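The first chain written gets the first letter, and so on, giving A, B, C, D, E, F, G and H; residue counts start at 1 in each chain.
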Amino acid sequence: MLKVYLSGEIHTDWRERIIEGARDLDVRFSAPVTDHAASDDCGVKILGAEEKPFWHDRKGAGINAIRTRTAIEAADVVVVRFGEKYRQWNAAFDAGYAAALGKSLIVLHGPEHQHALKEVDAAAQAVAETPEQVVQILRYVLTGALPG
Amino acid sequence: MLKVYLSGEIHTDWRERIIEGARDLDVRFSAPVTDHAASDDCGVKILGAEEKPFWHDRKGAGINAIRTRTAIEAADVVVVRFGEKYRQWNAAFDAGYAAALGKSLIVLHGPEHQHALKEVDAAAQAVAETPEQVVQILRYVLTGALPG
Amino acid sequence: MLKVYLSGEIHTDWRERIIEGARDLDVRFSAPVTDHAASDDCGVKILGAEEKPFWHDRKGAGINAIRTRTAIEAADVVVVRFGEKYRQWNAAFDAGYAAALGKSLIVLHGPEHQHALKEVDAAAQAVAETPEQVVQILRYVLTGALPG
Amino acid sequence: MLKVYLSGEIHTDWRERIIEGARDLDVRFSAPVTDHAASDDCGVKILGAEEKPFWHDRKGAGINAIRTRTAIEAADVVVVRFGEKYRQWNAAFDAGYAAALGKSLIVLHGPEHQHALKEVDAAAQAVAETPEQVVQILRYVLTGALPG
Amino acid sequence: MLKVYLSGEIHTDWRERIIEGARDLDVRFSAPVTDHAASDDCGVKILGAEEKPFWHDRKGAGINAIRTRTAIEAADVVVVRFGEKYRQWNAAFDAGYAAALGKSLIVLHGPEHQHALKEVDAAAQAVAETPEQVVQILRYVLTGALPG
Amino acid sequence: MLKVYLSGEIHTDWRERIIEGARDLDVRFSAPVTDHAASDDCGVKILGAEEKPFWHDRKGAGINAIRTRTAIEAADVVVVRFGEKYRQWNAAFDAGYAAALGKSLIVLHGPEHQHALKEVDAAAQAVAETPEQVVQILRYVLTGALPG
Amino acid sequence: MLKVYLSGEIHTDWRERIIEGARDLDVRFSAPVTDHAASDDCGVKILGAEEKPFWHDRKGAGINAIRTRTAIEAADVVVVRFGEKYRQWNAAFDAGYAAALGKSLIVLHGPEHQHALKEVDAAAQAVAETPEQVVQILRYVLTGALPG
Amino acid sequence: MLKVYLSGEIHTDWRERIIEGARDLDVRFSAPVTDHAASDDCGVKILGAEEKPFWHDRKGAGINAIRTRTAIEAADVVVVRFGEKYRQWNAAFDAGYAAALGKSLIVLHGPEHQHALKEVDAAAQAVAETPEQVVQILRYVLTGALPG
């Protein structure tokens, strides 16, 4: 059984496509909370409001870190997706964290980000452009089967 | 499944409230022996009496450490509760031990201890004031659901 | 003696201002190669040209990683600077890498990036807005002296 | 050369007595910032004021942690002193942190705290009552010489 | 569930007494091969005879190490028994190995070996004289129950 | 249960003979993808063709590493087989990788390679010449039973 | 200062060319004993003769490992050279050992070995064909200067 | 420079012979306190008398452990000498401790202990019978020179 953490972009359906495609494989997926509003507000909703946005965010980031660090540390493979929206520094942070722990890393992004992601890509075992490629990698890694 | 160790104060019902509140969640809780007398006397009851309180305590602390260290090392999250009674240096010791191992740390205490616990709080992912907040954090971390 | 690695943005003089300000302190600084062209082309200049930009960049990123990983692993403190230009995913990657290794982390950025950097900031011991604040932190950490 | 970190109480002269007594030994001592006001206010003095005491303290604790964690990780031996004043949870936190890293631990406290510190003492290689005893331990460890 | 490795003396029934006494507890025991002849000869029986006793023993010790190292590394608690017969350096070796890995250590020996085992005892969480005391420790650690 | 990774040569039936022989034992085997063509081409089949053989191979080696590293890190025992064909540097690489992680190592090769493999053999717990000997080792390690 | 271990082939002057070329750089090189006969016979010369070549080699390999493991563990960068003669499994073993420890890895070999070394190359930060390229990498990593 | 810890027997001149023989080599030796009486009594001499021999010894063993653990952890090579007198379980404990930390291990003993030390020897890189052989190993490891 392979434990795979799906980090990064939360505004397209890439996670669903991977999970759906890997349905018949012996994989257990984990992911951050992908409800953007919940993720932003969990800290103050649970631990009380803050006036300053900095501390509002700090409270939330702390709680989210409990989920993400636990999941990354338990994972065999970390897939990190970079998309069009937002700066996604947290995705790159997760990639660095996973690399330092010696996790296998798959980076998923379009060719337009190739140069900007060169250091992240160089730390990865594979660089994919589509969720379907990630599924094919997982399938091959688990069963030896190649597409088509 | 999240493994959560509940460290610290043993004279109020905070553990029961967390365990009860998290009942429907995929959490496995562990804790020290919370029977104060048993915890104090386990060493001499099993390994023979000591005249000096120092060695009486040493024998007990050694045996208790087998339980607490094993549980902290197995935990994903360590919750440390500081209350009114006693000096609770062992709770702070557990917090430091957990922090050095890279465990997620949730500290639980009232506002009156805020200044005295500032170093411990700074090492934590979340600082809660009530057991119910701890339950809400665990619920969010596991399911993404927020209160109310 | 404190070993400090200065990661991130390479288009303003923030490194010089820190090094200059910390001149009288017992600090040894390290940094990536900050000559943008050299950093981009070192791989192909030394190991031979590549037609595809992807492999051009891979060769360079590999060689740069020898310098950056060695320096981060040797550092006591990692300062990561986020600026205006470029996506700087490598800076966030370094921050994640340093955090996973348990290095002390100081993040340096303007308030406009506060929300986007909340996960990185939450992993840091300090979040500064100016290079001078970083110098003050280093001075306090080494000597106990506070500004003014 | 032995690297020794002196953690804990900052209101008596125990550090000076150890450093003075060990003067002729090949020891390098480190310690937290022991100026109480500077230690409390370093965060806001450098990084800007906070209205809430909780965040005031958080900023300071983060910066102090850069010094203390670096020093504990570099140390061969950590001496932790518990005195009369304050709750000193940070001292117990340091002891737990040092124990988890496998550092040699010497605890220094009067007999009145024996029971409250039993878990900390059980993790230590030695429990001393006076700074002079700590000096004698360091002298023996380095030279084999015993007192008188 | 507690994983307990039973190291050391193989000529009395101490293992059986512990396993029998802990029957109702959630413990999984492991142990070396305790058939003395098999343990001595496994190397040459499987990999071919050796003329020199030194290499005869080396082959066997290598194969036995596969079992013992795997079991010690998987264990939460290592119990090491020192008895009357033989020099039992391998038991002390196991104790050192377990201590360096941060395993909880219980040493089991009669009072006649107290002085010779002082360094081993000092690395242990508990020093017992009878297998029944070891059972009582395991029972307490798992359930909090003390003997009669 | 023992986790055993079978590394190395892919052109004879040694893996089948070990798996068949250990059928009644509590062992879980893992192995690289042993379909030579799939193993060589997985990178370009999934991630797109490359003109240069170097990058063709790089893509494949990265994906194969996800499988092999995960399996080696999860293994208790790594068996490495050296045969007649090819240079098998990847087998020796796996052996070094496993040794550095402290895994138990069994090397399997004929006497003709004895001198060339002396460094690898010296890092191993056992050096076998036939798959049947490996089965006998696994049987002994798990059950204490010796052959005939 | 960069610590660089030069592993592998011992029959050409590649080490001398790297050391000579890096003469003006702040590098400390280490290497195995490169006197083939001494390396083969050190075990029996010091510890006594063996009839079987297997044990003759074992004794030597053990002693050589004291030098190589100490040097690899102390190194920042490990350069591994594969040449024409011999099977050089020890070079690949060193590469795997270094990779597992997270060392930066530079592999040095001619294009004829590209396919056979694909797994080793994929674990490396750089793959060079000449000693001069290795010198250029070290120069760039230390000073940022690129060739011509 | 090689750091070598000399563990074990304290009643013959083996340490002096090694140190004298290695005089011209770049080695830094460390050792336990070898004054038997001081080593036995350091605990009570510094920290106060104990009635029970068990606690008398515990106090001393704790203080001695500060020296020995620090030295073993700093060492590159640990030499462990087993002699005729006493049971020397602490020597075997040190050997196990060093092996678990991945230190290079040289065991020094006469042929009469060969069978009893087989597990310890199997964990070692070299097994010597005389201090002079240890010197020759150190000389070869550092310089490549062989005796005679």
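Note that a residue touches a chain if its C-beta (ideal position, glycine included) is under 8 Å from a C-beta of that chain, and two chains touch if they have at least 3 such contacts.
All values reported here derive from a predicted model rather than from experimental measurement.
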item	value
Given chain D and chain E, the chains that contact each of them	B, H
Equivalent of E-H within the choices D-H, B-D or C-G, defined by over half of its residue contact pairs recurring	B-D
Copy pair chain E, chain H: interface residue numbering same or different (half cut)	same
Chain whose Cα centroid lies at the greatest distance from that of chain G	B
Averaged-CA centre spacing for the pair chain F and chain C, given as whole angstrom	40
Separation of mean Cα positions, chain D and chain C [Å, integer]	31
Inter-chain centre distance, chain D versus chain G - centres from mean C-alpha coordinates, in Å	44
Contacts with two or more other chains, residues of chain E listed in rising order	62, 65, 102, 127
Parts of chain G lying in touch with chain C, wherever the complex brings them together	2, 76-77, 102, 104, 106, 124-128, 133, 136-137, 140-142, 144, 146-147
Chain C residues within the chain G interface of the complex	33-35, 38, 41-43, 45-47, 59, 62-63, 65-67, 69-70, 73
Residue numbers on chain A that touch chain C, as the complex places them	53-54, 57-58, 60-62, 64-65, 68, 82, 86-101, 113-123, 127
